[in-house]
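A, B, C, D and E label the chains in the order they appear, each numbered from 1.
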């Protein structure tokens, strides 16, 4: 690997708020670990965790204590020492129940104590997800002194001020940010991790994010050599870019699942009967969905059929799940067995301006037409869609999900548990899943946990609260000069060991 | 001259020839659309394609219609100046009066800067505008109608031309102002020994200002004559009709003697005397061809078949028996 | 018709800056204290230079403008107070014909439509008879029968003026107010329209207010003439008197300035010096004093009122005021404007 | 007493033939209307049916304009789009034209406070950039053509109001309008029968420009996902959808783009022609 | 001063309009996963749980103190956002106006001088086609051709320093400029023809002035008056048109910010930008009037 140089990377939108705890959006999440390192880190395949700021972690046999050993000589990007106190302060801030949307991932922690290089987490209960949670962005370690020195009356104001010029422990540090235009991350000279040449990472002197909302322009800029990398390549152009000898068209495996959420409740918000409350109808629609055709039309062959509600890259994904293979006859017979043999009309909320939603739904209009279901597409902008969704005022909606944490518990709690957000507002509720989930959250045996999850996935599939569609990768086009870049299945862009061929 | 129009080619002016002597005022009179302005503009080649002009405009031994553009510019404005009917539209609204005078001085007299300013003020003074130096900075809209016309005359005189073409210079003005402007023109003519061609449709203006008159109708000259001779005894039926249609002194609240009908459509090339359809004296001889303008006395010419037989302007009209009387009234 | 003390001003838009600096709200004084009477069946000519208020007066008489002050009485009725139906009835009796042959007719309505509309709005004829009446009107003004189906642009200026006259006559008015009826026309055509007016007046016993700036025409047509200057009537008298023995210096100058048709009668000096003052800023006292060759001190101080002359007619000039009537004009102090 | 009748009429009655611009414009419009009325007769395929076998095919004898990413025939979509786009052209301008023109006539005639009031409201609309305001309104109402019409109508009337108001104020001073008053005609008659027909020409001419602007606005909203909803074959949205394929399948956006241009040229020719034809002969 | 009530009315209108938008800032900012408590907490923090009149009162009160509030999604003061981005859009708009005028004036004059010839038809035809195509299409074509294919211009971005801006913004300014030029050419050609046939141009020729002098002093100067008026009227459209151009060319201007704010229900940003637009457009009108009165001595300022 050669050192030096600047990587110019085209993003489709700018980050909003660079605070690991208080941010809300993938735009932030996916680059935050470049700025704030975590005690543990997700592995590149997304399936496990590896040491981060902590070189070692040991769980007690009862699973109620986790002991981590910090590497010696850790420093923040300004050269000040990263101490146990910073770790304790950061974790305490992140797990405060009213701090941001992510605090629940650290909810099992009872106390954090520090002595020298050793950080001890005392837990309220055994938590198999904790190592993954510690490898997640919100557990990033921040400099307590600098943060509290930031102007502002309270934590929220200080966070705003600090996030303007954040100093963290990650491989890079923010050096320049013109909102909506570009952001430059400079090499953090104090970063702990060593490269293959034995010297400290990162190899790059800097990363420059250019914000280019228009897909076409982003690609043109890449082709013209003004960018060395561009994210969110439209799937329709993957094949074309693959043919381009100057580029690497990468399809990084992701945890992204694309589905259609159905309102499973007996009546709709407006009081009318809801055909989708009938499990046979839901199954029929699933069977009537030709996933392979959709994958061709919508993802241009880059996707793969979804067989579980979680992606195949998620830990404990059950590869024996069958999902709903395309079977028109079965769909028809299921529908015939229901009250709606003659078919019915159903409306779906789509995000206006999303080419993929349109492609998908126009195709579904055709497919479901075959069993007499008339799909009405209702395009609304994202905020409206969210508001209606949150009010349970929808019949169907398009949805995509990516995990933020290297564990199946997150997606399960959202998709399959009523108590969180009414199973992604489908209204689906299963006592069995509730019970299995509760058990799995304390289950230290990976094997037992896997079998619990296998059952959850099966029960979920049988109830078919959603339309299973497909998984899609992260399409990133890179110049051939770029090496060692990875976007992990959780979406995080990892620039730490990226280098440019001279 | 031919003017292509959507309705067909317009033969605006046909076979018009006349001459002007230095120091002489030639009047051109005729009703609206008779081709007065078009003729005047043709003298300076102001018509752009697709309008075609044929013939010859002789000035100082040269034909202006074939002169190369650079030389033409020296004559235009330099030797021959022109003033227009509507001072408001002929003066550029966004340039000050001073600028419009000095640009002419620069072009033809090579005067610039202070010298030009001084001369411009002199010119305004000459045309009778009070406090001329201050008024140089004013824009046309800040002038009254009479002052605008004076300003335009000042611009035209800037180059000290030998010949001044004036297209209805007073039509837009009140009688008292018209009176002032006409006197001014006559005075300047004396002082600068200029020839003047004065276009008007007002016979009174002709009578009061001109030395010689040319009467136009339907794009042709009908009659040319010294001014007193014309008013005493017109030698063309049209000129006679014009004089007669005016309310005379004395007779009060009796019917006038109009020329019936309206002007001819010039898109149809005439094959007879253009005035024939409205003429009270028309005979088959008039319909044979367009009668040529013939000299009938020294300094006088007429294009009327009946030039010799016309009655005087005050005598009662005697219509040929072939024609019904067109007089209106009981 | 009796006009008493008629006054009309038009406010002039003043710029914000000006008003802020405390400048006065300016107004054009278009008519000031105009007195006039028109007798039944007569033709009253009104002459004067451009902007002297001739049109404004005509428009006030038909209530196109509402005068600021003064009264107009017609047949015992106060015209300035008329509203609605009464005003419409008045307008039926007093009609106006306009100057511009091009803009006074709706370019999109055929002659027949124009006339029928006037007939039907005022229910002058039952619909069945309207067609016949239209033909009658066309004949009356000397237009061919076929004219009814044509649009205004197909007519010459003189013919359009006839259409305008026919439109006014459709209402069978008693009084016609003709504002510069023939000014836009060529002399040869002018005579046609003048003849028509004369003939109609005789046949229909019309009262005519003939507004014009062509002195020869006014002389020819009018029984009496009113001379206006800057919004005021300065002299009213029989035609013969006005043209034969004008009293007001302005009338005299006006007549002298009009070009005579006789080339032998040329004058060298202009009849009048100076320009018309701005109507925004009318001179004090007698408005004409700034150009008047005979002005004296009193002219600047006091406004001469219109007063009767012993020989008939009225004039507004201090030369004829009782106080100075004995003084010879030559002895007067000249007031420099 | 006899009255002489004067025969010659100055300008001979001449049949006025429309200028070639207007004729060509009308001919093109006829073609568009034909396509809008009988799309099924003209289009070889359904505009919405997918053909997975024929995705992204270039122009061929079977698909003269090629196929799109769903295998739909672009020619058929362009033909069916005619109806939608003509509808957009009409509905984005109909209300603004009628309302703006009438309001303009009224306030131009009345003047004073009515004029001042509407003027203030117009100021409100004018200080917003047009597109931004339309986007905001569409965002409130939800995307789709109907809401786009509502949004454009809320904004678009101002231009017509302005044009007609100015024109009525000019025409009001013309002598024929004053003659109407002296003739004792009611204000409504003068306004509607006399002034409006003479004042409406600029608005009609602008209407033509506005129609192509309406279609373009539809395209811009389509780009932002606020325009016509799928699978509606609307030209602007087709161009927007095709932009990702410009490098590989140029035909998807090019042909609807040509159709847009054709419509624009058609309206512009008619506008120029009408301006000429409607000008009253003085 | 009619401007202040207009502004207040604009603000009230916008205030109500944005609150009519379905979906609230919390929905937009928090995304799909947020729980009911988080949404509620966010709304409370943003003060959106108060009655509307109170919210408006607070807004006006803060406005008077020169505070437009903080962006909900970007969490920075709106004033700073505007200060950062408005210059970009203004630069682009002025640049586009300059290009549009440079393009339109000579061509319109040429078309007018050669009226009804093929030159005229060509000029008008080309601009007509330009006017009938969606802005984003023209933008992408220019980008593909002049940017990617020929590599003459950078693809998107804003650049550094004045010359950098000029270089980077050339294509977007050209896109907008072409659109503007199309409008200008149409009107300007007619107004030049009108001027060319005006009596004072005949008079100028009768004075024997050179063609160039007549063209610059007499024709262009008068035609310019129409151009300035037209430009003033179109500048609002130019700023609005920037919405799409800014997206395509990745320019961080206020057009794109406005659209993002509308979609993101970022009330303070929408309100702040509206006020900015109103001020800018009014200023442009004022400047147009000033220039107009400079160019045309007949106009008196009101």
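Note that a residue touches a chain if its C-beta (ideal position, glycine included) is under 8 Å from a C-beta of that chain, and two chains touch if they have at least 3 such contacts.
It should be emphasised that the depicted structure is a prediction, and the values quoted were computed from it without experimental measurement.
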Result of counting contacting C-beta pairs for A-D and D-E, higher pair: D-E
Most distant chain from chain C by Cα centroid: A
Chain whose Cα centroid lies at the greatest distance from that of chain B: A
Averaged-CA centre spacing for the pair chain E and chain B, given as whole angstrom: 53
Inter-centroid spacing, chain C versus chain B (mean Cα positions, whole Å): 30
Distance from the mean Cα position of chain D to that of chain C, given in whole angstrom: 48
In chain C, residues with contacts to at least two other chains: 142, 156, 159, 192, 199
Junction residues of chain D - those touching two or more other chains: 1, 3-4, 6-7, 9-11, 139, 142, 224, 243, 246-247
Sites on chain E at which at least two other chains make contact: 21-22, 140, 144, 247, 263
Contact footprint of chain D on chain A as seen in their complex: 215-216, 234, 236-237, 240, 293, 296-297, 351-355, 358-359, 361-363, 365-366, 377-381, 384
Residue ranges of chain E in contact with chain D within the complex: 2, 5-6, 9-10, 13, 17-18, 20-22, 128-129, 131-137, 140, 144, 236-237, 239-241, 243-244, 247, 255, 258-259, 262-263, 270, 274, 277-278, 281-282
Of all residues in chain D, those that touch chain E in their complex: 120, 123-124, 126-133, 135-137, 139-140, 142, 212, 216, 219-220, 223-224, 236, 239-240, 243, 246-247, 253, 257, 260-265, 268
Chain B partner contacts - residues on chain C that touch it in the complex: 43, 49-50, 142, 156, 158-159, 186-192, 194-196, 198-199, 213, 215-217, 219-221, 223, 239, 253-254, 256-264, 266, 268-273, 275-276
Chain B residues within the chain C interface of the complex: 31-32, 144-147, 174-180, 182-183, 201-205, 207-209, 227-228, 231, 241-243, 245-247, 251-260, 262-263, 328-330
